[in-house]
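This is the structure I have questions about; it appears just below.
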Amino acid sequence: MHDVIGLIGRRVRLGLVGGGPGSIIGETHRIAARLDGLIDIVAAASSSDPERSLRFAPLIGVAADRAYGSWREMMAAEARRPDRIDAVAVMTPNDSHADICLAALDAGLHVICDKPLTHDLASSRAVAARVMEKDAELCVTYCYIGYPMVRQARDMVRAGEIGTIRQVHLQYIQSHLAEHQLPGTWRMDPARSGGSLVLLDIGTHTLHLGAYVTGLDVTSLSADVGSAIPGRTVDDYVSALLRYENGARGSMWVTQAAAGAEHGLSFRIHGDKGGLEWYQEDPNRLIHRRLKDFERVITRRTSAPASPNAQRSSRIAMGHPEGYFEAFANLYAEFAESVARRIAGKPPAEGDDLMPRVSDGVKGLAFVEAATRSGKSGRWESVERA
Amino acid sequence: MHDVIGLIGRRVRLGLVGGGPGSIIGETHRIAARLDGLIDIVAAASSSDPERSLRFAPLIGVAADRAYGSWREMMAAEARRPDRIDAVAVMTPNDSHADICLAALDAGLHVICDKPLTHDLASSRAVAARVMEKDAELCVTYCYIGYPMVRQARDMVRAGEIGTIRQVHLQYIQSHLAEHQLPGTWRMDPARSGGSLVLLDIGTHTLHLGAYVTGLDVTSLSADVGSAIPGRTVDDYVSALLRYENGARGSMWVTQAAAGAEHGLSFRIHGDKGGLEWYQEDPNRLIHRRLKDFERVITRRTSAPASPNAQRSSRIAMGHPEGYFEAFANLYAEFAESVARRIAGKPPAEGDDLMPRVSDGVKGLAFVEAATRSGKSGRWESVERA
Amino acid sequence: MHDVIGLIGRRVRLGLVGGGPGSIIGETHRIAARLDGLIDIVAAASSSDPERSLRFAPLIGVAADRAYGSWREMMAAEARRPDRIDAVAVMTPNDSHADICLAALDAGLHVICDKPLTHDLASSRAVAARVMEKDAELCVTYCYIGYPMVRQARDMVRAGEIGTIRQVHLQYIQSHLAEHQLPGTWRMDPARSGGSLVLLDIGTHTLHLGAYVTGLDVTSLSADVGSAIPGRTVDDYVSALLRYENGARGSMWVTQAAAGAEHGLSFRIHGDKGGLEWYQEDPNRLIHRRLKDFERVITRRTSAPASPNAQRSSRIAMGHPEGYFEAFANLYAEFAESVARRIAGKPPAEGDDLMPRVSDGVKGLAFVEAATRSGKSGRWESVERA
Amino acid sequence: MHDVIGLIGRRVRLGLVGGGPGSIIGETHRIAARLDGLIDIVAAASSSDPERSLRFAPLIGVAADRAYGSWREMMAAEARRPDRIDAVAVMTPNDSHADICLAALDAGLHVICDKPLTHDLASSRAVAARVMEKDAELCVTYCYIGYPMVRQARDMVRAGEIGTIRQVHLQYIQSHLAEHQLPGTWRMDPARSGGSLVLLDIGTHTLHLGAYVTGLDVTSLSADVGSAIPGRTVDDYVSALLRYENGARGSMWVTQAAAGAEHGLSFRIHGDKGGLEWYQEDPNRLIHRRLKDFERVITRRTSAPASPNAQRSSRIAMGHPEGYFEAFANLYAEFAESVARRIAGKPPAEGDDLMPRVSDGVKGLAFVEAATRSGKSGRWESVERA
């Protein structure tokens, strides 16, 4: 679906920062990078512990001479190689993203970075400025917008199939912080994860999903931010009333502490001609409610073609489910082709730009800060522009 | 399931107020009243137009001598009959409920009244006071809590099966006001329907559903109230952040203007041990999410018995769906038995009291007024106690 | 939806045969008969035990002077009353249906009879001949075809929306005979229930559902008939390969011994333009698969009207679920109007005849006998014509 | 999840046979082979047209010196390389499988072969004999049994959670041959695809799915085989009554000509304690019906662990859907580890052997031949043993 080898005669060469032994997000990035055969993972500084980093590299197929003890070492050493990496993938704790991204950009590397872009709005703006200055590619892995049916929804909104957007409802309901005893990871340490765990971790995904599908930004909000578990000091719950730039009303319910939930990311959006509804746990179906006709269930099939961007984002059709890794891999494929086009001196691919970019990352942090303010003031607050 | 004939040797005799030709809610009340064979509809003043009232009565099986031109006439004439009605069913526009209920109570009649109880908090409190004074039965037809699986959820919450309630999310998503051109009924006239159409019409149902299942009242809220359709003067949208009496957080999304929606009343409630989820459009299934086990789908079946109140509320089991009319009929059956017990001089039935009572009606109006205030102030507001 | 009072100035008067204390099907018939206010249940011989019959009558609202000790007594006594019953409802064990139906027809009564029509093909043909001779109404309560979405499917097939029928798949999966210890009712006694329990009890429903929707009869079949439980002597399982009169291929899987099942009656039918799929456990949705477009989910709604016969079969719309009792009540309403038209000397109602008639009952028995033969021969067998 | 690099210090080296430009199954095999980073695709003879083969190789990342014009050439040339391939993946038309597999086995290569194993029973037995003789690994890509929830079902059956298997129902409902005009591929030519298109193409998948989950083989059957489209000469429909080796009854409905269907592969299996139900279009949920408790919906989650083999077959948990490619990749990962263990001289991995083997391939052809015989005879036929 995406071309890299035809453009540059080889795969894109990627170096990993973070995602060491036992990291789920690390294995996810690697599967996503490998899946379409557009990228070779050739270098890695996968742990903040140099020994662990060096031991882990061969297990993920990285040659010994390109296993590094730190990301700084990797950037320096790779710069001297003729077959040096084209890009880095960043999957470290939130508070390190800004430094790594800035250094990578300065080293002439393109960047694919896990969300949130950084841990606060100021640093995210600094990264955005550097991306512009260096004219580099930076993809933020808001991975859920890689699902074909999310893109189908976006295409349908753009084509006016549900009319002017009037109501947006977003949910992200998880369970893993539902117990009183918390897992002792860096996420539970506010100093490492940033101000509000739930807002940074999944609130940013949720906001982006709504914006991606509707093409609209939230301009103000009234939020209830805190914990569903009495006595807990990190935030695990946010519910918010939203106002979108076109006047549409919205709301969201986002929590990591709903006992028994799984991974309930969803949207339900109504325009003046109909509505669209999607659930991440059942991602291959898009429900299309219509004012003057029966509900449709949109899936990828041959005889009733999905929208152009849904088709571009699918590897197979007719009832073969694609899942989380394919969604994530779509961002990697789009990033790889964008990088290859720059290497080849070619203009961006034709068609819509589907990849989440640095400005989407900055908007996430602006939302986090506005919601935090509103949670304290009990009033509506404006969201700063990216 | 409910006994009336055994108590009083006959069915309860009911007079109808409202629900004339073409009224959907009128036909619904009549079906619900007939379904279990506990009630005879023997008198009717079904329209505010006396001629229509008289013409309609025989079509619904009411004898000519008990067809009345107005509810005042019916109450007066019935009082003189030896076989007089025991109760009235009120299904008229909101602003007439208070007068009819007060007059009926004064006439020694029991009352089953459509929701909202009245059109404002003050009048609803007046009705509540009169109910207490007259020691009468008054049922508010919050019909959705008649579904067996709603009662199953309530029983499970009471039995502690999902632990202490932490999060409540409620939705009521309808489509019938999604078009710019509005139907010209009394509902569209704020003077007749009361202050806020959406809050009175379906907001009260939504609030009650959450309270019925959790056993908790909302004590404060922050609401976004208005219209999803630019330029419309009646409210068709409310989204609110809620705080329950035990500190649990909640939210609701309630609208009559979601193009393409049907009748999306639902709840999703999480306690610290699990969650419960129910959709009115698929009412025979209750989803039970558990912290330490797989999801269960609770239905009525023989070999795995439903909870006592779910069983009491079902007429058949094992996969035969019951629907809206059976839910509505449950309130009529409970009302009929309560009335029969009073006639027979018997104490209330053993077991839980499942019928929505006048205090539930008053709480609905207190919620409407608090949400209206918050919509204007942009702040959290307290909900007055019933 | 149906008119009776307008035709004859009163409700149809019904006498019950069977359905005594503890009978689930008895309560079902009574609810269905009452629901629409078109029928008065005025007489009853509800048990084969005269004492039980007499004691039970007042509890179901039948006056003491019309409580009878036997159906023969009821028919004789009612014939002498000026306000005599118009019809009887038969809900007794299978082997008594033929005698009761024949006697009722001879007494000038119309009949609504539970399925199977009788216990064997010969007796069912005798009843059909008597119906024709007496020019009476006889409805067989194949109740599942009363669901609005089944009628929607039938209308869509007739309108050619899925093209020529090519494949039919039917299921009826129940659990109540899944345990080795059987309940000791008349159904377990082959002498009372007829030859093959599963074929008579639910096989006939299944066959009729397929024929009702497709408008096609099965002409030959190859069946596997027996028990899923080793050592059991009554049949609880039949699976069959079917050939329909137009050459379409079909199959069915019908069992009462699938441990953990509920009430899984369903069809999935494909024509050369699309398919239709329906599940009795979720009866308000009809899945419409299309060759050249996305799947639609058809429900009853205002803005996208259901088919004429689906609308005629619904009491409310837009997401208020109707269930088993409403489906059953549709047959009673259609029967009541048909009877009233005969009393009024009016021709049958315009529009499609939706009620299952005696010929449908005979076809059921022809199927039972062909399947039984095939189960023994291991070959394809022809189904005799009604 | 699977180890290769730890065993042999490198990835398994794979050569492709077939799957050239435009082949969906070719891209599927490549994605599956790449996904887990256990395999390097280093050689390819991807088309029967040597020119196309050579041009295509670099586009899939195969070096020019290992792009071959034919599989015979590839096997000969690779045998001379020190870094020669360990295995071949076969994804050519059915009638070529036997020759390619035999030659590869003779060349000391391991084989992963698309289904059906070969085009007839005799040739499949010849391949099975050669596998045994050469003591090689041969995996048949019955890919659907790679889904975690299929393996969950298998583990639950083995653990006795649904008791002794009594009823098995299998479906595979596709649409792509629903139109009268057929696509002109090799599949439509009986001489290339083998005797019965539908039986070879998807009947073998269906049979294997049932056998994999239940652990039981079909011993006899009665089948209706033919076309749902009048006048078509290739089979697109088979429905069969089945008898399993333990006496359990079964049935299947398999077609490629159901207009509007997608990819409806499913099973519903009942034992004497409960049932399991799974749909390939919604593969991350397994429905568990229980005789004495409510239905459970089994998914992969952290706090309620899936079965061991479901866990081994998953890359992520808690509501992140995995799909078709991950299922397919599970077979590649199991094959890669099996091959690596042989190279390393290690015994097979501990735990259950999850990979479909040559005997499963032979059983598929035995089923095809028995069903074909029964379709002609109209009687029950025995299935030959593998």
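Read from first to last, the chains carry the letters A, B, C and D; within each, the first residue is number 1.
Here, contacts are C-beta pairs under 8 Å (C-beta built on N, C-alpha and C of every residue); 3 or more make two chains touch, one makes a residue touch a chain.
None of the values given here were measured: they were computed from a predicted structure.
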*Selected interface, B-C versus B-D, where C-beta contact pairs are more numerous*: B-C
*asked:* So which of A-C, A-D or A-B matches C-D, with over half of the contact pairs the same residue numbers?
replied: A-B
_CA centroid of chain A to CA centroid of chain B, Å_ = 44
_Separation of chain B from chain C, taking each centre as the mean of its C-alpha atoms, in whole Å_ = 34
*chain B to chain D: how many Å between their CA centres?*
55
*So which stretches of chain D touch two or more other chains?*
175, 261-262, 288, 290-291, 295, 299, 301, 303
*Tell me, which parts of chain D touch chain C in their complex?*
162-163, 166-167, 169, 171, 173, 175, 178-180, 222-224, 226, 228-230, 237, 239-241, 247-251, 253, 255, 257-262, 268, 270-275, 288-291, 295, 378-380
*Which chain A residues qualify as touching chain C in the complex?*
288, 290-299, 301, 303-304
_Taking the touch rule as given, give the residues of chain A at its contact with chain D in the complex, in rising order._
5-6, 11, 24, 27-28, 30-31, 34-37, 58-61, 174-176, 261-264, 280-284, 299, 301-303, 315-316, 318-326
